[in-house]
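When the chains are written out, they are named A, B, C, D, E and F in that same order, and each has its own residue count from 1.
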Amino acid sequence: MSTLHTVNKSPFATGSLRSCLAHARSGDAVLMIEDGVYGATAGTGLSDEIAAAARGGGIGIYVLGPDMAARGLDAGRVLDGVITVDYAGFVDLAAKHDRAVAWL
Amino acid sequence: MSDDVKKFLYLNRKAPYGTIYALEALEVVLIGAAFDQDVSLAFLDDGVFQLTRGQDTKEIGVKNFSPTFRALGDYEVTRLYVERESLEERGLSPDDLQEIMYEDEDDDWAEKPSIRIVSRAEMADIIAAQDVVLSF
Amino acid sequence: MKFGVVVSEGPYTHQAADTAYHFVVAALAAGHEVPRVFFYHDGVNVGTRLSVPPQDERNIQEQWSALAREHGIDLVICIAAAQRRGMLDEKEAERQGKDADNIAEGFRISGLGQLIEMGIQTDRLVMFGD
Amino acid sequence: MKFGVVVSEGPYTHQAADTAYHFVVAALAAGHEVPRVFFYHDGVNVGTRLSVPPQDERNIQEQWSALAREHGIDLVICIAAAQRRGMLDEKEAERQGKDADNIAEGFRISGLGQLIEMGIQTDRLVMFGD
Amino acid sequence: MSTLHTVNKSPFATGSLRSCLAHARSGDAVLMIEDGVYGATAGTGLSDEIAAAARGGGIGIYVLGPDMAARGLDAGRVLDGVITVDYAGFVDLAAKHDRAVAWL
Amino acid sequence: MSDDVKKFLYLNRKAPYGTIYALEALEVVLIGAAFDQDVSLAFLDDGVFQLTRGQDTKEIGVKNFSPTFRALGDYEVTRLYVERESLEERGLSPDDLQEIMYEDEDDDWAEKPSIRIVSRAEMADIIAAQDVVLSF
């Protein structure tokens, strides 16, 4: 029994990603979409915190590729260990986990 | 769990009045109560502000919907989980929240509090136990 | 697998209606079912037939109407949210004494019970909002 | 003093249209002038005449229309933002080949130039949004 | 020449208040409205930071009373030095300062 | 300053595409350029993301408006202030931004960069020098 969490806000603008990570459990997945994809980038003031939460918690971190491309974020800027998916991958994640929780 | 009873959680993370999400979440809860599902409400982050006492919206000209929370017991909505860490970060204690009671039909209709203060870890477990999570 | 989808924000202003659309297209392509999409909060505004987006932009309402037509998706606009925001079908307009209606083909106005029912009858509920 | 006011969010969903309303009422009561209020982004939705809020809630459109009538305020809805979101007056509906319009009394649809002009011609510009 | 800054977001949800305070100058006023009024409360995880920015920067801090009342915040919870105004006071602040900047 | 020329600042604090504010701000800038006012744009907080290179919106089905920034010079909008601290917090350097040029009519039409990187303190001074500030 595991959860797919979606985050669609920039972590520099709101606390949604931080709250999501604080409530995700081992085996869960966190998918960053829309403005949330900025949370997947390396070299920011928040990168270490996000990477640590992901590593320490056994949480799979995903980012929506189409939203990355729209914002000019190329694969080279993605944090280590974050997996890029397309809309089909988003659907697979939602199907694979037992529930979806949107951190709106 | 019977096949046609699902666990529904209403996840409230936003303050009241600045936006309509809190009010329209309550409207779903009231309608949803007729469906005989297993219903809980969760209040975390700024959502805990929805439950504060003494809300008076007269001067902003917006409807005060906070009394509706006290009526939830009549709709058999009796579990309002409030996250302790969210309260603390906002300088709130459980005493700052409305008293919301329900009558427990399994315990000779004893009056009991609907608000249950839980830790962040417990909130994570509550979320993980649901079938359907509606976010507001 | 059966997916229920909720759209909680209006068209163009937030990306929610776009992301939901791409999600539904991908779900259908993968062989899943999407019996219903429920439009709540400002999401009800997706269903207006009066929008005229610039020629070089997508027409969000038409995308949804076409998808519904092709795949038999039930596009439900919440009546309570719609009334506040000025979204009416012909019947509602008459009942409320309004002289016009604005709902688009493929959308229908109904109650919040349809959202709960969708939660009960689908395997996963996915929400898109602000 | 002359105030220009911008409303950037739709009615009910965000408090912006309410706060702006109370601000304008207070400004007029203090003897200031508010020649124009400009509705942009989702703010254009404030001007729909099709909304039917619950009986125990304020009617935001009617509040604005009444204030405009009483004090001669020019309520301008941005045409570009309005077209995307399905807000039309009779003339625009005809021009766009739409079979209905939905703009309320006291509001008019015009271009973004009216916003700039308001910025030039007023002493202070105050914005309300999300 | 001074500025009235308005903040309408909860400081627990977004970074608007923090950004506003970082861009306000001595002699400016910051008015918290709508969900922004939570920024005026004492005893929170952010109170010290907000009070310090106000004290150190010579910035006047105001809060809109009607929005406080709506949210059940009584005067006893307001940070020291924060002045409560009504809509008329909001208008006065906008008139008194040379420009209004909304931190939306 | 002539009586009928005011200093207008467009304050951009939001990321592109997740919401429409950035696009609709640009629409105001383009229309406003016809009014012969003194116009500047400011990019701070998530607004700096609007100017990044290589935006490709094909897969999200939304119009890519980032090329429009490069056309601003033709409208005599030649001052785009970008806050250094906002860039740094987001792991961005000035090189991550589009090259946006204008021809300086006062300097024999020399090509010059429209983007000016400024500190947070300088941004505060820029805001304080305006007559009208439009926030997006």
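FYI, a residue touches a chain if its C-beta (ideal position, glycine included) is under 8 Å from a C-beta of that chain, and two chains touch if they have at least 3 such contacts.
None of these values were measured; they are calculated from a predicted model.
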Contact distance in steps, from chain A to chain D: 2
Chain of greatest Cα-centre distance to chain C: E
Chain B and chain F, separation of their C-alpha mean positions in angstrom: 43
Centre-to-centre distance between chain F and chain E (centres being mean Cα positions), rounded to whole Å: 27
Chain C and chain D, separation of their C-alpha mean positions in angstrom: 26
Multi-chain contact sites of chain A, meaning residues that touch two or more partners: 8, 12-13, 15, 34-35, 66-67, 86, 99-100, 102, 104
Two or more partner chains touched - positions in chain B: 17-20, 45, 60, 62, 131-133, 135
Residue numbers of chain D (touch at least two other chains): 12-13, 15, 19, 22, 41, 54, 57, 80, 125, 127, 129
All touching chain pairs, where touch follows the definition stated at the start: A-B, A-C, A-E, A-F, B-C, B-D, B-E, C-D, C-F, D-E, D-F, E-F
Chain B-touching residues of chain A, taken from the complex the two chains share: 1-3, 15-16, 19, 22-25, 28, 98-104
Contact set on chain A toward chain F in their complex: 8-10, 12-13, 34-36, 38, 41-45, 47, 65-67, 69-74, 77, 86
Of all residues in chain C, those that touch chain B in their complex: 6, 40-41, 80-81, 111-113, 115-117, 119-120, 125, 127, 129
Footprint of chain A on chain E - complex, ascending: 12-15
Chain F residues within the chain A interface of the complex: 14-19, 45-46, 49, 52-60, 62, 64, 66, 88-91
